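What follows is one structure encoded as structure tokens, with my remarks underneath.
Should a chain be cited, it is by its letter among A, B, C and D, assigned in written order, with residues numbered from 1 in that chain.
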């Protein structure tokens, strides 16, 4: 019997040429500090969630974006207020940039009554159209055509908005990735898809997911621009997304951006990622997006160590209040289980699982 | 007013809703220049333009997904499945995205997914399906299956105006075979309400779609036997009009659920089980189902005739139950 | 023999069938190195190699399609869904390719699609589903949902040997909670046969999966009231063991169908409707269903508890029906 | 409101540079005449089916491959006996090359008792593993992963077989196209996908189906070879398929072949194709694959006019018998509707819809 040879198409996780140097940007200092704040906030919120998890306060699984903060934050920061985004479970940074409060996410993870879904759904699975947020479903890929529809509606309504969502390397194998991107391309809607290529889909390396090295290659199949960027360089992600967003807004149609990054934890908190070769962690540890950005800020005189420390301290103290608030929320009343299956009126989400 | 076909009634509903409400638009395969495989949208492209009549690639999952996204932004998309059988390719979007969305995070998903369903046209296994039973287990969906032109028009308008995702099953056997005058005005028909299609005293037949006409014909034939059938047309499959179902059973105490579905897992089973749970004291006999056998829809006319319920089969069942 | 968990029983069935039959192989996400999200295939890659334990891309439709093709060539593929909820993405392959194939052109499709189903683990809407009701309307499929380790092992082996496509639903709540000794030898359990899990005189509870254990616990509690429950474990959902269902109803004349499904469109409805059609003369009361409400599976423990049937709710229903 | 501009990406149906000259081949004369025979047979069987349709003997729709015969015949002819193919509704030529008898197809279309499915299914929807034939389902794309599975099984069983199937330009938009091709690529199975790019999917032009000109472009998304060939040149189709088949058999994995051709009728017999610009028919009429091949055979001294006429006459007289046989078959007995849902034993198809 012939042997499978799915390992023979290159390195386990092909990397872009990543140096410590970050991409060029015109972003002023204040906005660069914003990026720093959001990345740091993301990591620290996840730190708090990790604590809550270890204290047994989190219901169900906990998902982390450790090491990938630049991808979520950089891409979301390229959006304008009227834009709409559909973050996945590893895009906490995106949600925070869009104005989601840490307490909201904490309450979601703890299944609390005051969580945005009132306890009906878990983790980052909540949305609010008034804040430009669409909740995905667990089935990977499914939100891609949905966001294409958001983009289409934006154009039809003359809203000048761009719709954006994400997909992992694993998620690119779904039928909806193909159908959604193809439909978006044919309809020429203002849509940006950010593919987070972090080398793994749960325990499955990219080499078993696809026979190509770069997800951006797939853009050509849809006649749209595709670009591979260093996903651990927040400026590179920002700049590439910004270009795609601007092109989309000008009527240039969808783009596919591949951000090469790395998942520094297991698939979820329960997973020790024993299947990931230790050297991959070592290599990528050196490319930590926050530390790299710190070096950039310091090295280019954009911030001092004290300023960065102050940002961290500020976040830290504000997170105390967030955790306290979230912990204080009760569990939802049982009757709520029976409410809100049907909408009585159409309308944009109230973010309350039909509870309100 | 002129009599119009079931198909024309559907066309009118779509046309009128598009005229009245800018938010309504359509996605489908070959619905533009071609006017749809069954010509339901003939003339729409000329009137409403390519931004509102969108020919899509062959991507049922993306079509429904795209509609979901657009509906969240306040639009009212209507998706045409070229044949409703192809909705299987968008099952995940229907059941896991559209249906539970409002419950999950409070965002309504006002979409309509419509298309030709049903057999008796020798379409074989993939152009004859009745999809209701695959979807009635999805909380958050509504399902509508009209049997008459007036209901087709009134329910389709109601579906488009409904804030929830609605699966709208048109029976293609009826498209050009059934005609009637339509009511003036909107003629809205509320979703969730069955219609007593025939009052009778002895035995109730609960049904919908093409089978309604079988039931009515059987009723005529059974008059000679002195059996007076009551016929309830469900019209809405989800949510079921349980009150109307129980009311007819309380009245006649004998009931046959007649549907063009394979027996197992049918909506007919759901109806029968509600009756046996909630109208038990009124029953004078078993709740009988007359459905199709548990096979794919066969192609050849001789086989499909054996497969489908018809007037003869119903009359026989009625006689049997009447003498229980 | 040692007692083993429900999960270990499944592992053994797969292991033994793979040892005994070269044609058996597995397709799934993360089933190789990782041994599966629930570790069902832990150690399989080492033993059987990557040609028989195939880690696939995230492509449920292609996974099932690929299995169908391989089965036509004489192999016996077993597909693992990481969570059975994701089978929605392969609905078309399951319902339109695998299920009707033998009827259409005589080619059998001996595949098994298995995975963790069910709630009570706070998995929310997409990691808690019971898919049986979405598939029991597909002629040509078989559906199996074991409640005990011995049945899990014996039925999974039977499923792998069956010449038809089988959907095998494992209840993840039971994976590590239920243990028992397994019979020596193959311990094959025939598909299509229910099991009388408890003999009783007064009232029958018909159920399967995790709810079997709820029924048995309720039975214990009701003994004190002098109510002697009979409990029938369906085990096979399609084709239903109608004889066993009718037999218990004829015996006790009162019946509750208890399942972890949303009420509408449930398999419970199919069971109830068969009872009311074929055992009507024996019934001393309505055929009662105790299921979940028609909502998505809610996440928060307080909500999920309200949503799921449990011993208290069953005991109350039994008391009500017993005094009918 | 912005306007859709889906028409702006090129000609309605991009064409390859097609000349009258056919591709180079090493095929000996006898085998070239085989190709001719099969193309002619295909067209003439369809002619007979058309007659039966107009006589009201066909149940349901009738689908034609007029103008596309070279694609089906050329690709199928590149297979070896042990190979397995899944023809679509427009691949009658493929079935005939595989040894399907015209009467079988005629009886299928007429829903007769002696048809391969015993009247249970329609048209070309029948298969027989012992003849290397898999029946598709109507849902486009679905047979692609199925044939990938056939290919996988072939390798596992050491059968040295190649699996092949087809997809239209329209069908490439389905999720299963993507999932199936990607899985086949990752598993490196011996699989060939022939994309028949005939410019239309029912009434939908390629420009509304995809934002690219060549379907072969999509091969790169899967890391597999892709090639565009003149689908009206039976030799070009044969040679390209043969290369792909040989590569697959050598363990080189799947290929995507795009055959540019044209559907010279409507989607089905009822459709007058009024939406197709008349000049497209004119252009493609000149490229008729059978006439071109005749010119090739005659021009290169591979056959005389008499020989070709004799082939036609021979087919014609044999088809009389086929039609008579098919017409004589009764309709199936009603009881058959209830039989054969479940298989009693596993086994390769008997081609009788479980009726045997």
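Here is the rule we use: a residue touches a chain if its C-beta (ideal position, glycine included) is under 8 Å from a C-beta of that chain, and two chains touch if they have at least 3 such contacts.
Not measured: the values here are computed from a predicted model.
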_Count the C-beta contact pairs for A-B and for A-C, then tell me which is higher._
A-B
*Identity of the chain that, by mean CA position, is farthest from chain B*: A
*Taking each chain's centre as the mean of its CA atoms, how far is chain B from chain C in angstrom?*
30
*Express in whole angstrom the distance between the two chain centres, defined as the mean CA positions of chain A and chain D.*
44
_Where chain A and chain B are represented by their mean Cα positions, the distance between them in whole Å_ = 41
*From the C-alpha centre of chain A to that of chain C, how far is it in Å?*
36
_Multi-chain contact residues (two or more partners), chain C_ = 51, 54, 56-57, 59, 61, 85, 88-89, 92, 96, 103-104, 125-126, 139-140, 294-296, 298
*Junction residues of chain A - those touching two or more other chains*: 1-2, 4, 6, 117, 120-121, 125, 137-139, 156, 173-176, 179, 182-183, 186-187, 208-210, 341
_List of chain B residues in touch with chain C within their complex_ = 85, 88-89, 91-92, 95-96, 99-100, 103-104, 125-126, 133-140, 238-240, 261-262, 264-278, 280, 283, 285-289, 294-296, 298
*Which chain D residues qualify as touching chain C in the complex?*
84, 116-117, 120-121, 125-129, 134-135, 137-139, 142-154, 156-157, 159, 163, 175-176, 179-180, 182-183, 186-187, 340-356
*So in the complex, which bits of chain C are touching chain D?*
25, 51, 54, 56-57, 59, 61-75, 77, 92-93, 96-97, 101-110, 139-140, 142, 163-164
*Quick one: which bits of chain A touch chain C in the complex? Just the residue numbers, please.*
1-4, 6, 59-60, 111-113, 117, 119-122, 125, 137-141, 170-171, 173-175, 201-204, 208-210, 275, 331-338, 341
_Residues of chain A touching chain D in the complex_ = 1-2, 4-6, 9, 155-156, 158, 173-179, 182-183, 185-188, 208-212, 217-218, 220-224, 251, 253
